[in-house]
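Dropping a structure here in structure tokens format, bear with me for questions.
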Amino acid sequence: MKTKSRFLRAPVEPFTVEPDASASDLLERMERISFQGRNLATARRIWEKMLASDCTIFFGMAGALSAGGLRMIVAYLIANRYIDCLVSTGANLYHDLHETRGRRHYLGSPHEDDAALQAEHIDRVYDTYAREDEFCDNDEWIAAFALTLERRPYTSREFLYRLGEYLWKETGQDGILTAAYRANLPIFCPAIADSSIGMGLSQARHRDSGAGLIDVIGDIVESANLVIRHPRTASVVLGGGTPKNFINQASVQAEFFDDRIGGHRYALQIVTDVPHFGGASGSSLEEARSWGKLATDAEQVTVHADATLAMPILVTALAASARETLAGRKPLRFDLAGATMGVNGRPFPQARFEAR
Amino acid sequence: MKTKSRFLRAPVEPFTVEPDASASDLLERMERISFQGRNLATARRIWEKMLASDCTIFFGMAGALSAGGLRMIVAYLIANRYIDCLVSTGANLYHDLHETRGRRHYLGSPHEDDAALQAEHIDRVYDTYAREDEFCDNDEWIAAFALTLERRPYTSREFLYRLGEYLWKETGQDGILTAAYRANLPIFCPAIADSSIGMGLSQARHRDSGAGLIDVIGDIVESANLVIRHPRTASVVLGGGTPKNFINQASVQAEFFDDRIGGHRYALQIVTDVPHFGGASGSSLEEARSWGKLATDAEQVTVHADATLAMPILVTALAASARETLAGRKPLRFDLAGATMGVNGRPFPQARFEAR
Amino acid sequence: MKTKSRFLRAPVEPFTVEPDASASDLLERMERISFQGRNLATARRIWEKMLASDCTIFFGMAGALSAGGLRMIVAYLIANRYIDCLVSTGANLYHDLHETRGRRHYLGSPHEDDAALQAEHIDRVYDTYAREDEFCDNDEWIAAFALTLERRPYTSREFLYRLGEYLWKETGQDGILTAAYRANLPIFCPAIADSSIGMGLSQARHRDSGAGLIDVIGDIVESANLVIRHPRTASVVLGGGTPKNFINQASVQAEFFDDRIGGHRYALQIVTDVPHFGGASGSSLEEARSWGKLATDAEQVTVHADATLAMPILVTALAASARETLAGRKPLRFDLAGATMGVNGRPFPQARFEAR
Amino acid sequence: MKTKSRFLRAPVEPFTVEPDASASDLLERMERISFQGRNLATARRIWEKMLASDCTIFFGMAGALSAGGLRMIVAYLIANRYIDCLVSTGANLYHDLHETRGRRHYLGSPHEDDAALQAEHIDRVYDTYAREDEFCDNDEWIAAFALTLERRPYTSREFLYRLGEYLWKETGQDGILTAAYRANLPIFCPAIADSSIGMGLSQARHRDSGAGLIDVIGDIVESANLVIRHPRTASVVLGGGTPKNFINQASVQAEFFDDRIGGHRYALQIVTDVPHFGGASGSSLEEARSWGKLATDAEQVTVHADATLAMPILVTALAASARETLAGRKPLRFDLAGATMGVNGRPFPQARFEAR
């Protein structure tokens, strides 16, 4: 008779086809298969735990996810407080603004003749197109908005709050920026200068030398204070990039001033990069432990998949299974209207880390 | 006013979260997003077209898909004739046999100490474990079965038919091999020598020098005759490897004897390899056109994803939307009991291509 | 007799082993093989053409290349003016500073126990380690430096020039920052807030609310003016990320003000990301044409490889074969000491694009 | 003062550019950098150790390496006995035969119009072309050769030995098959049915029903006997696929009959696949330990790179540094002329494993 092994506890259960299964059913059964299918199913469970525990959930997005059709998923996560703080590349916010303003991206082909596209001023993002003229118009719209602001430094967080407000008042349309404005949820964009939002700001500067001053160092202070104030954090990252690092940096910077910070309690990332080339986007969550970015006992999972494939099923399933948990959740209430943000009625210190 | 562009016909429609959505609903809405999400949705539509048109659907599988929990999906595709001919690596058939015989694979971790696993005779496939002793027992079971066969060459196709029959009679359990036996659907395994089934056969040889002779060249003849007899073909490939090439080779070899063969009419592949390293597994379906493996006007799509993530949702959605199409389908009827197979009551020529 | 095909001009020449071959010899023969080996060889030739034609060569670096041992290659490219303008992630400049200050990174293992590393305050980057305490010391050193600056906004370009100067005066050691200072070559870091340099700046802010103000929007203006002033540009990109996009953005932003700008004349990128997930890091140079980031007739090549493998051989070979070309090159002379930079004795306009 | 850490022994030494450096110099300095550059340098050292220790070195090749220009590197490794046994896909041997017969592959583009290529009967392998007519001619040549053989089963090993002999006598040209014939070095091709060599054999079958019988199960017996006879083995694998698995299988099968077999003592692989999708091609060498394919204390390295980039530099450097070691090496002498091979004058048992 076989001896039992501690390694052989739960068998793989082959996935069976049930034609009318919901997304939630699918993921439930995928918990018992292998490889990235299992990891996606695990991601749902870890996100549920984030929601059930008293965590501030940071959400990072890099890659052309807004242009690629995921912006209303992110808006849903914001509006329903599946997440508490968004860190994004500029492009995702810009493409969101583009659609909120009524413009569209278009289904295209990765094999089209790029010279022909260029001749028609059509910009290609793999299999997706957009009109360059509309982009130029957005840039000018952003410049015009920026000229309505005071001539002082704005953190990207404060700037984006004002941008969402302006956009909501002008369009009344749903999207990432407008959902965040309405839900009073902060957005950080540490690499705003590397995006068309930055280009719009530079055009404001061109018209008025005092305009378009973004204080990205101030964003570091605010993001770390957010961790210091509520040290239990979790991280959901799509695609790596600057958002992934900025979220981890907030934790590391906070720890510098407050040694009770112990890294994220939960972490999930959906990435297509791999660890073995050394880049931060593909870096493993194990490696993050060495830095203290992640608690040593944190539950975590990496899903190696394209977010356009993983997110529709993951968020649909989560929305079905986390209803009750979400109803019982008491998320942080943010005060975003001022130059320095606050949480639950208490403002952060100005231009300072909230050291113990 | 904007001029219309032929490039800008259909806009991206941002995916909206509906918690109770079925897999079929999800994929329907993913047709209007971008990147691999769109490609997976397109894969469902192309598979529907394969089923609706009078095509012989070849299905190739490489990668540890049986161990990884997908074997009952493949059994479902076979039993319901979503596919007509399976080409597989030996490992996938072997791991299927392992479970049909009542053994299991186990949920494990990619970070386990492999020396500790080795000490307990546990074999690891990324995050999945199996008992080596049970594998050894399978090998002997296969050897014993092989010794029951005649002392003559068997194509892998004939051998696997007999193996499925034997397995069904012994176990009465569902699985890939038993489903194919019961549905009378051919399985080819061109690289059978590179698998534990081959190892079992080599142990039969060890006991009897006349046993275990597999005529893999005969498989080339039969697979090409299958294409010559019914030149309208389609290809569904998971993971590349020898199955991908063998399916294309059947088409190319058939064309050598019959110039009416024009390559697959439809093709879909779910792969994680990429084209730019030159390997066949990652090669594009565009490249396949240059060889005539694919008809110049074939509809095709490549989904860059792990099959364990893509297949549960794809096949669930297909099972929901293709019910009627499937009911109207009149698949080929195979005669698999003899040394040379036949189709719809007409045997193939022995040891010869059915040249015009 | 065979007809000639326009497609079959140059045969593959199998690579032959010559034990004493130099890097330059190797790459010369690799021009006649296939796949990424050929692409690396082509990269050398395209870089030679950049040097031979009157181009401003932008060089972008993302990924842990300084920690990974490539910083003296970059310093060499700067000192010898193989490149004209560096765009970098903050981490690469920070890890360069770390070593220039006499600290080290260490050879490690990707399989080490991260909890054990964390317990010793050792940070892991895949297979490379560093002491966290030394990182904290760097942060304070940067903060102290930042407090020596005027209380006004600095572009990342001006800030990094001053940082290089300070570092050179304190250490007299070679490195990226010090080489750029000594060669008077501009460095842009659009995502400086997403790095430990940014963390150091935030600590300066903590001590003095007027310190650490980086004007990243000003960087957009300066980088575009650099293109407007000398519209012939070329792009060498390692690893994608913000540097890749920022270099392209400079061209696109410049074109907004001057329609003579036609995109980069030459482009080479060494990346590990792939196009089909839609992210900018992996985006193809074909796609860049649709945006006008690349001239329609630009010579370009993408090398799909890890930079730590590709760069040592590429730069060694280039250094051997481009000696004469380099000697005849007349690179731009930059004026970097002021708040607004200049080229060849002519300053850029302040806070404005140099519109025609 | 800092305490010493056992983790921080050897610092990264930044790579410095020396324009005239040889490949061997390059790799020597790359041992002290990070990521895949370091791994390639480590690969050279591990291969040197294989040569210095009394190991049978298995060499596996998958991917379009012959078409892609690496066939004379492999011929060099064979002729100079850097390796002892080749396991290959059929395609690599076929493309080698194609060139040894005086035909060529051609430098092409991955962006060419595949319909145009198809119209000219040109087959594309990513960026490399070949004439389909010449391929058809090869197939017939192989068929004609196969018809000269006896009407009995041949292992792929015996068949390929005879094929190499025939090719050498007809052409007198160097290549993989001819070098192996001349050096008396065995080649196994377990998936021969999945290649154009198999297609040629099937055409011999078409002409004579007794021809073209390849005993791939016999290959399993011979390859395991090779390990049983000389249990110290090493493995060098390019690209994964059936060769990678077959080499490991030989070790596992041997251990079944002889428990002194302990897995490969050294292993290096150059692959582009990754472990996390569960496929064998990308599987880690750590995982191989759990199976006993690799000795628990084996020295091993995985280089994540395209072989066309890695192999020219690796083999050039090895050829320079391993001269003396190679001169002192006493490789196995094979007897390949019979139906059953032998080693150092002692034939293997017929159709049996050499059980203790």
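Lettered A, B, C and D in written order, each chain numbered from 1.
Following the convention adopted for this analysis, a residue touches a chain if its C-beta (ideal position, glycine included) is under 8 Å from a C-beta of that chain, and two chains touch if they have at least 3 such contacts.
Everything quoted here is computed from the prediction, not taken from an experiment.
Colleague: Which chain maximises the distance between its CA centroid and that of chain D?
Modeller: Between chain D and the rest, the longest centre separation is with A.
Colleague: I'd like the angle of the rotation relating chain A and chain B after CA superposition, in degrees, nearest 5.
Modeller: Angle of rotation between the two copies: 180 degrees.
Colleague: Please report how many Å separate the Cα centroid of chain A from that of chain B, as a whole number.
Modeller: 38
Colleague: Provide the C-alpha centroid distance between chain B and chain C, rounded to the nearest whole angstrom.
Modeller: So the centre of chain B lies 45 Å away from the centre of chain C.
Colleague: How many angstrom lie between the CA centroids of chain A and chain C, rounded to a whole number?
Modeller: Distance between chain centres, rounded to whole Å: 27 Å.
Colleague: Do you know which chain C residues sit against two or more other chains?
Modeller: 34-36, 64, 67-68, 117, 122, 125-128, 274, 276-278, 286, 304, 306, 308
Colleague: Note which residues of chain D are touching chain A in the complex, please.
Modeller: 34-36, 274, 276-278, 304
Colleague: Under the touch definition given earlier, write down the residues of chain D that touch chain B in their complex.
Modeller: It is residues 62-64, 67-68, 91, 110, 114-115, 117-118, 122-128, 132, 136, 139, 153, 190-195, 198-199, 201-203, 205-206, 209, 212-221, 224, 239, 241-242, 245-246, 249, 252-253, 256, 272-281, 283, 286-287, 289-292, 296, 306, 308, 350-353 of chain D that touch chain B.
Colleague: Report the residues of chain C in contact with chain D in the complex, numbered from low to high.
Modeller: Interface residues on chain C, with respect to chain D: 2, 5, 7-24, 26, 29-30, 32-38, 40, 64, 67-73, 76, 99, 104-108, 111-112, 116-117, 120, 122, 125-129, 131, 133, 286, 303-306, 308-313, 315-316, 319-320, 323.
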